[in-house]
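First chain written, first letter: the chains are A, B, C, D, E, F, G and H, and each begins at residue 1.
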């Protein structure tokens, strides 16, 4: 079984598309909590409110790190998606952790981010533009099968 | 499955409350032998009596370390509980091992110990006051669900 | 000697202010090449031009990684600065590597980035707003001396 | 050169007695900041005051951890002293880190703490009662010389 | 279960002979994609064509490395086969990775390559000439049984 | 499940007594090939005869190391038994590997070997004299139960 | 100081050209014994002749591995050169070790070997064709200076 | 500088012969305390007498382990000498630690011990019979020079 952690952008359906596309493959997916509000407030909601936003965020980030750390450390492949909005520093932070831990890193982003992501891309084993390419790579890695419609055809 | 090691204080029912609260979650709990007398005497009871109390304790501590070391090293999350009585240096020692091994550390103690535990708390991803908060965190980490009654409500 | 790697933003004088402020302390500083043009073009300038911007960037990023990896792995403390411009994903990537390698991480940024950097901050041992605070921390870590003008005075 | 980290109790002169006794030996000593007030307030003094005592302590503990982590990770031998007062959980926490990192651990405490420290002692290579014994051990480890006045004479 | 990675030459049936011979043993085999064309073109077929052959190869090699890295890191035993044709530098590269990761290495080659492979052989726990010898070794390692027809008979 | 590797002496029934005694416990045992002749000759029997006894032994030792290395690295607990005959340097060598890998080490030997084994014993978490004591320790570690007939009664 | 290990081909003057070109830079070079005959015969010359060429080679390879292992493990950067002759499997083996140990890998070879070395190149941070390019990279990594005559000019 | 740890037998002058022979080479030697009585009694002499010989030995072994552990972990090469007398299990134990830590291991013993030491020898990079051969190997590893009088001449 291939363990794949899906890190990064949480506002589009890229995770769903990968999970659906990989149906039938021997893959187990994991990823962060993708409910933005829950992810932001989890610390305070469980451990109590903070007056300062900084410590409110710290509590939540600590709690989310329990999930993230376990997910990345347990993964064979870490896919990190960079979208169009927000700073997404946590995505790049996850990518740095994955690289330092020797995980196989796949980066997923549009061509407009190529220059800004060059250090992250250089640490990756593959750079994809679409979730479908990620699925095709997982299929190839597990079965050796290339896609029927080849990108270089 | 999330592997959780419950370390520290053995005189209240905090472990039972966490285990009961986590029913239905994909968690496996582990922890030390909580029978105080057995834990103190195990070395001598199996390997023979010692005249010196120091070596009596050494034999028992060695034997208990087989269980503790395996439990902490195999855990995703280590919860360390500090109670009201005794020195509890073994709890802090376990926390130090967990931190050095890169385990996700949750510390559980009342507010009266905040200053004395500041170094341990700073190494933790979360500091809780009640076993129920630990359960809520495990549930959030595994499912993304926040508690119905929020602490910041 | 304390080995400190200064990662991140390269358009303001924050590195100079830290190095100047730390004069007399037993610290050795390291950091990336801060000449933006050289950093972007180093790969092509030495190994040959690429038609594709993507591979141009890859060559440069590979070469810069030789310096970065050595700097971070050899450091006791990694300071990562986030400025006002650009995506700065490489800064967050460095922070992720530093965290995974168990380095002492200090993050340096203005309050406007607190929410976006909450995961990175939560992995840090200190979050500073000014280079002078970084200097004061290095002095404290090495000598135990607090600043004459205390921030909590 | 033998690198020795002196962790734990900061209210008696045990560190001075070890350093003085080891004069002439090829040893480099390191340890935490032993000015109690500075150690407690360093975070707030540099990074700004906190209303909550919990976060005040967190800031200070993070900053002190930069020094502690480097000291323990760089040591060949970690000596941890437990005194008569306070909870001293940070001492036991340091001992746990040292043990998990495979450092040679020496524990220093009076006989009244033997039972409470049995897990820590069992992880140590030596348990001493006086600073002078620590000096004698360092001398023996470096030179092979036994003390002129033997404890078993 | 013994996890065995079969690395190297892909133009003869040595893998099939080992897998068939090991039927009934508690072994799980893994290895690279052995369809030469798919292995060469996978990167471009999924991620898009490259004008330069060098970057065409890079894309494919990155993708194949996801499979190889996971296979070698997850293995108990890495068998590396050197055949008669081609440079086979990737086989020796895999052997180097396996050795550095502390895997049990078995090298499989004809006597004509003994001198050229002396560094690789010296890092191996066994050097075999036939796939059948590999099967016999796997059987011995798992069951203690020697072959009915002994090579030293 | 507790994974236990039984290393060392192969001429008495100590392994059988431990395995039988541990029936019903969640333990998986592993160990070397205990057929002395097969263990000595396995290399030559599979890979071909050697004129020199030194290289005959080398071939066999390499092959046995595949099994030993996997067994020790996969174990939670390594039990090493020293008997009355032979040099048994391989037993002490296994113990050294187990210690360096951070495995829980139990040493099993009669009192006549105490002085000669003092370095090995000092690296162990327990030193037993009989296989039955090993069984009692495994039971205690897994269930917390002490033996009905206590050694210190 | 940058520690650079120069591995691989020993029949041309590429090492000399790199060492000479790097004069004045803070670099320490290391590499294998480049006297081919001494390297082949060292084992037998010191430890005694072997009738079998296989064991003659084994003795020499073991002895050379003492130097190689230390050189690669102690290096920041490992440069591996592939020339025109021989199998050079030891070069690829060194590259595999360097990659698995997380060393910064630079591969040096002519364009005719690009396809055969694609797996090795993909694990490298830079692929050069001339020793002078290696020197320019070392200078850039250490000083940030680009070559006066740029390859992309 | 090559760091060499000389482990094992302490009753002949083999260490002196190696140290003398290596004069002029860039080698730093380390080893255990070779005063047998001091080595046996160091624990009790410093930490106090024990009634039981077993705990007397334990105290000494713990103290000696501080020196041994540091010596082996800091070494590039570990030479382990097996002599004619005693069980020498500590020598084999040191060899096991060195092997598991990835140190370059050289074993030194007479031909009469070849069979008993086959597992240890198989983990070594070289097996020598005389201290002079060890010196010649150190010289070759550091300088590439073969002995004037070759063993295979």
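Observations
Just so we're on the same page, a residue touches a chain if its C-beta (ideal position, glycine included) is under 8 Å from a C-beta of that chain, and two chains touch if they have at least 3 such contacts.
Since the model is a prediction, treat every value here as computed from it, not as a measurement.
Following the contact convention of this document, F, G is the list of chains adjacent to both chain E and chain H.
Over half of the residue-numbered contact pairs of A-E are shared by just one pair in E-F, E-G or A-C, which is E-F. With chains reduced to the mean position of their C-alpha atoms, the one farthest from chain H is A. Chain centres here are Cα averages; for chain C and chain H they lie 44 Å apart. Distance between chain D and chain F, defined via averaged C-alpha coordinates, is recorded as 36 Å. Measuring from the averaged C-alpha position of chain D to that of chain H gives a distance of 31 Å.
Centre to centre, using the average C-alpha position, chain F and chain H are separated by 24 Å. The set of chain E residues that touch two or more partner chains comprises 62, 65, 102, 127. Listed in rising order, the residues of chain B touching chain F in the complex are 33-35, 38-39, 41-49, 59, 62-63, 65-67, 69-70.
Looking at the complex, you find that chain F touches chain B at residues 2, 76-77, 102, 104, 106, 124-128, 133, 136-137, 140-141, 144-147, 150-152.
By the touch criterion stated above, chain E contacts chain G in their complex at residues 53-54, 57-58, 60-62, 64-65, 68, 82, 86-101, 113-123, 127.
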